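Below, subunit A partners subunit B and then partners subunit C, in two separate complexes.
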Partner chain A sequence: MSLWVDKYRPRELSKLDYHKEQAADLKRLCEQQDFPHLMFFGPSGSGKKTRIQCMLRELYGTSAERLRNETMTFTTPSNKKVDIMTVSSNYHIELNPSDAGIYDRVIITDIIKQIAQTANIDSGSERDFKVIVLTEIDDLTKDAQHALRRTMEKYVATCRIILCVNSTSRVIPAIKSRCLGIRVSAPSIEEIVAILHKICRKENLTLPNELALNIAKTSDRNLRRAILMLEAAKVQKYPFTSNQQVPDVDWKIFLHETANVIMREQTPANLEKIRDRLYELLSHGIPSDIIFRELVKILTTKCDSEVKSQIYGYASLYEHRMLSGNKPIYHLEAFVAQFMSIYKKYLNDITMDFDDD
Partner chain B sequence: MQAFLQGHKLSAQKPASFNSQRKEKKSREKPIPWVEKYRPKKVDDVVEQNEVCAVLRESMQTSDLPNLLLYGPPGTGKTSTILAAARQLFGEFIKERVLELNASDDRGISVIRTKVKNFAQLKASNIRPDGKPCPPFKIIILDEADAMTNAAQAALRRTMEKETRTTRFCLICNYVSKIIEPITSRCTKFRFIPLHEEKIIERLKFIAEQEKFNIEDEALKSIVETSNGDLRKAITTLQSCYRLKCGSDIKHSQVTLLDVFEMSGIVPDSYLEEFIKVVKSKELQALENFIDAFTYEAYSLSQFFDQLSIKIIMDETITNNQKAIILDKLGESSFRLSTGGSEYLQLIDFGTICIIAFSKQN
Partner chain C sequence: MSEDWFKPAFIENDIKQCLSAKTEKEIKSKARKKNSETNEESLIRKSKSLEQTSNAVDKKRRSGNDIENEDQNKNKQKVPKKRKKEIVAQSQPTIEISEVKWLDIFTPKTINELLVHPKKIEEIKHWFQLNRKHPDDHHILLLSGPAGCGKQTCTKMIASEEGFNICEFESRLDISDDLVKNDYNVPYENQKEKFENFLLTSTRFQSLFTTKSRLLIVKDFPNVFLIKEGNEEFWSSLRKFKKYSNAPVVFIITESKTKTLDLEYFLFPENIRKELGISKISMNPITTTMLKKAMKQICTTLSNNEHFKIPTQETIDNIALQSLGDIQAAIYNLQLACQQGPQSLKSKKSDKKQNVPVKKAKKEIGRDEQIDIFHGLGKVMYPKLEMDSMTERMKLTNNPENVAELFYDRFKTFTELLYSNFLKNFTEIKGAAAVSDTLSMSNIFQTEYRQAENLHKISLCMAIRSAMVHNSEGAPSGFRPVKGFASKKFKNMGMNNLEEYKKQRIGLNGGHRVTKKDFFADYKMFSSIIKPEEEESDENEKIKSKL
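Take a look at the complex of A and B:
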């Protein structure tokens, strides 16, 4: 039995639930002979991958859905072997080059050359190109992105590249200008609610509107998370009640508690406790940038606007440092310490004012 | 007799081979993007850049080409120009006479030492295999030369001088400052200027005519505005619009202004205005709400910053002091963004600084 997220993932462009006009455009694109390189961008859970898969099906028919997992091995210039997991069908290959860390450049040049040099023998098939799907391009090193630019142009006759990114700011302009950008914005609350209702109808469940709205709101307009939440809620308690507690993600609850600890006491001893909690989060594989952003969001809701603007300033500074460095814990901790000192000072000022009175 | 035989042969064979070749070409030509399709074939076709073209034309007649260093912003025709020149010089034997290396090839010091050197040492005759005269040298094109390491560039120095009798080098880069001094002094430098708007419009109109579709004048203008003198970007945008919006059906045979907006990823003006309104209201809560909504729409924040900077400079209601504070922060934020900062935090940080700037009097 598969998760609802996979079970109810639309398989065809015409069955997508939102951005219908765009879907029609994509369909038209597939019908034409000259197919460009594409770049899908949008927040997570907005349906980029779903759209890519639908397009592949549109291009190659159902045989593009017959997938297999493969591990490919690449040799770096320093004779180190790097393994990468790929998902492929006869017509396309999908991989995440940033898995290889600093060796991503080798992967990019090798894989594209390998695929581009083996053209489809069956010339009778409709498409004489293969598709390479590269995910998380924004995490690639600049070097690898530069390697991509000319390769994309050179092998355009035998392969097309579909890129999938969260934010285009980290993609170099040279790549952006070579791709047709497809913006996939997050589904609106109403759209999520409609989809949740649709799923429940198919599962023969009754879903009160309030609960659907509640789930949609806590999901941050992330459709995947919303559907997972719905499934979790069903496991927790069925039949649904309209004021049922929506189970939030574990790490978010944990982060809320962490924020409470920070607010309670601003001392070095407490900072050590926070460190343990942060380590706990990191060791569970929560990406550091998400921890950072959520932590800032939670903390800022708890304090006054005077303090807020200072905190935002420091948050952006430490976050940038964290992403350019490679040990997130230092920067997370630095931020927490900075927050404590600002907050403590603010509290002291208030009590001083009282004392003066 | 011989002439007759040859003539006969030609007339007998050519149509068949011509046809098959053409057929093959046709099936292969389809997927070529317009950028490649409409790349200039001759030096004379190159839009603007008169200086370089004049030099190249001259050197083609005298078959005396200096080492070249072409630099300028992307999409101004650097690669196109040198490729066109090479094609004119060597015709279909371009493959034998030209070595093109770019950032995607491995271009460390070892490649310079072996591949480039070996190629440079080959002697070139002054007659092409088909009997036509051609200049007695080969060309090595090093595209995206600013991505080469300094060590690799240094290895190039002596090779460039030693092999001048058989080889000319042509380096292409965006930033001339990243090329080491000894190399620049060995080359004739040419700066490529961003193209003027009229020239781009002319070219786009030409392409539209060739591809047989209509485009609104307004849409054309906005394509040019977003391209900032980058012809490649302009052509890609045009093709994207055409592909996505105009199918085979005649109903959609015109590209409209809205299509261009959607395709080129421009942030609609309403968002910019709302942002300025929100920061002027000095409500932090409103700012947070705006940013939440904005990030869900998935517009590119770097594009947003670009557009915002112009809007703020042009805004007469903002005092010079405020502008200074805001633009200073804008620079910092957009740097952090491009080196990995998250969009949400950078934007909110920038927003709070704007609020502070506006709360200060004058």
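Take a look at the complex of A and C:
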């Protein structure tokens, strides 16, 4: 049994539920002979991967859906063997170079080049190029990105590259300028609600509108999360009631607790507790940028508007540092420490004012 | 052996040193000229004594040593070649002390004069005696100890007392210029072969002149053995030696704190020592009291020599402390202090306070301090303040940059340790936030790999300085054990989760890829609710309930 997220994922461009105009554009793009490199960008859970898969089907027909998993091995210059998982069909290959960590450049230069160099053998297909789908390009090192830029130029005759990124801000301009950028914005609440209803109809379930709205709101306009939530809610309690508890992601609840601990006491000893909690989150694989964003969001709702601007200032500073550094915990903690310091000063000032009165 | 070859280079070095010493003196004398005429006279006298010195030493060497050097000595000035590490008061103080390296002069002449602990001497002697009795079991000796603790001198002295002729291995590669000039066909020698030859053949034939047996000493190891996998070759040479030869051999190794330079670890690991029956004696650094005693003795010898100012007791104590049990360093410093230290300082200090110059001297002399990483951490986490006499303000006793300098090579470990431990020593969040901020900055510097070297140093300096400066309240009292890396606790958990991702991701998204981020942020938790039957292992449950 596959998850609903996967089960009800649209397979064709014409069956997409939202951004229909864009879907039509993509379809026209596939019909043309002149197919450029593409870069899909947008927040997570907005349907970038779905659109890429639909395009592949549009380009190559159903045979692009016959997938096989392969593990490719490559050797780094320091003679270390690294494995990387790939998913491929006859016409395309999907891989995530940032899985190789600091060796991502080697993947780009070796593996991708190797794939790109060989032309498609199958003459039956009308396309004379292969497609390489690369995900999480924004997590690549600068070196790897530059290597990629070169590959894109050189092997344009045999292959097209489709990139999938969350934020273009970390992609070097040289790559951006070589791709046709396609923004996939997150679906609106109404669109999510409509999709949830559609799924429930297919599953023969009745979904109260309030619950659908509730799920859509808690999901942060992340469609994947919304559908997963719906399915989890169904497992927890069915038939649905309109005021049913929506299961939220566990790390978010954990972050809320963390924020409460921060607000309770502003001492170095407490900061150490926070450090442990942050470490726990990170070691559970929650991406550091998501942690950072959520934490700032939660903390700013809890404090007075007087200090908010300061906090946003520091948040942007440390977020920037976190992206350029290699140990997210240092920067997360620095932000928390700074927040504590500001908040404590603010509290002290208030009590001083009371004393004056 | 080929040792004759290398002498010219040695001599040249020494002459250069003498010359540079001379020019230094000239410059100084120019400065001093204005003050007094008498200085000029002393300069003349000194330069004369330089000539005397080399001649006198030459004579001494010629009379005292073998005939083999006779020919070369005729056209070249000779300075004693072997580096000696021990000193004692010399019985007849002469003028020649002025310019030569004191190490060469104040070498101990008898075992009683050695500064090494008598028990260690006993131990080495015992080995020699055992070697006489059972040459097969006590064939190879490994002697280790920190620099300048008298390993070589001690061995040589005991060996000669036990009746051995010493044969020392030389692995120097520098060939003097005139040799190259005269003969373009300077034969190239394979260092490994040379070493094997030395081990196997140098004791093969009995000398015609003496009945003494020979003792081999290896102190410089050929570089081929020190590179990767070179130790295997070294062991094979040793095995051959063990098989074919029965002459005793002593390997002398200077201890080192860094693992990559640790010869004992690399060339003589436990299993090899066992296999070849290598005995091991490790020596300790020379005690400070012994150092002081030795230096005092030198000073008394020098007391009637007008060229030297005898340093104060305080300076001697400082030298003894700073040299960290290294007699070589101590003697060098003493010579420096005697020749220029007190004089130049006196002329400079004039109206400054009394204790300033002494402190300065203390800083300048002395070899690099080697301290443990935890010791360094202590210095940073419990910063001491003192009153600066110049500015009348409080300042840090240990300069942060100096502390950082000691840990440049381990900057990552140190930053990580500092990060894991600093919070406990802060009582105010403001200071902690400032340190946190610096640590985050220094992390960025450490990520940079292009102009890495300088940036890494700066990053460490920043972190250390900020930790020392921002703790204005001082650390709370009470004992707090140093914690290991904060990240260590969670490492396993991270690995487990990664494994889980690798297992589960294949089934998701109809065979397409699910990225790590998406998996952990969304899929993981919900799929555990939706498909509880797949979540059996207790451990996962535990982690989840914790979260």
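The rule we apply is simple: the second predicted complex is superposed on the first by the 357 of 357 C-alpha atoms of A that agree within 3 Å, B and C clash if a C-alpha of one lies under 4 Å from a C-alpha of the other, contacts with A are read in each partner's own complex, and residues count from 1 in each chain.
In the analysis below, a residue touches a chain if its C-beta (ideal position, glycine included) is under 8 Å from a C-beta of that chain, and two chains touch if they have at least 3 such contacts.
Owing to the predicted nature of the structure, the values given are computational and were not obtained by experimental measurement.
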item: Fit or clash between subunit C and subunit B when superposed on subunit A; value: fit
item: Which of subunit B and subunit C A:324 touches, first, second, both or neither; value: both
item: Which superposed partner A:353 touches (first subunit B, second subunit C, both, neither); value: neither
item: Touched partner set for A:153, first subunit B, second subunit C, both or neither; value: first
item: Subunit B versus subunit C as contact partner of A:251, first or second or both or neither; value: second
item: Touched partner set for A:25, first subunit B, second subunit C, both or neither; value: first
item: Contacts of A:285 with subunit B and subunit C, given as first, second, both or neither; value: second
item: Partner chain(s) touched by A:275 [first = subunit B, second = subunit C, both, neither]; value: second
item: C-alpha centroid angle, subunit C to subunit B via subunit A, nearest 10°; value: 80
item: Shortest CA-CA distance between subunit B and subunit C [superposed frame, angstrom]; value: 10
item: Shared subunit A surface residues [contacts with subunit B and with subunit C]; value: 324
item: Residues on subunit A engaged by subunit C in the complex (per definition of touch); value: 1-3, 5-6, 9, 44-45, 49, 53, 67, 69, 85, 87, 94-96, 99, 135-136, 222, 224-225, 228-229, 231-232, 235-236, 247, 249-251, 254, 266-269, 271-272, 275-276, 279-280, 282-287, 290, 318, 321-322, 324-327, 329-331, 333-334, 337-338, 340-341, 344-345
item: For the subunit B and subunit A complex, residues of the former touching the latter; value: 27-28, 30-33, 36, 74-75, 102-106, 108, 143-144, 147, 230, 232-233, 236, 239-240, 243-245, 247-248, 262-263, 265, 284-285, 288, 295-303, 333, 336-346, 348-349, 352-353, 355-356
item: Residue ranges of subunit A in contact with subunit B within the complex; value: 25-26, 28-29, 31-36, 41-43, 46, 77, 109, 128-129, 146-151, 153-154, 156-157, 167-170, 173-174, 177-178, 180-181, 183-186, 221, 289, 292-293, 296, 300, 305, 308-309, 312-313, 315-316, 319-320, 323-324
item: Subunit A-touching residues of subunit C, taken from the complex the two chains share; value: 419, 423-424, 426-430, 432-433, 436-437, 439-441, 443-444, 446-447, 486-487, 489-491, 493-494, 497-498, 501, 506-513, 515-527, 529-532, 543-544, 546-547
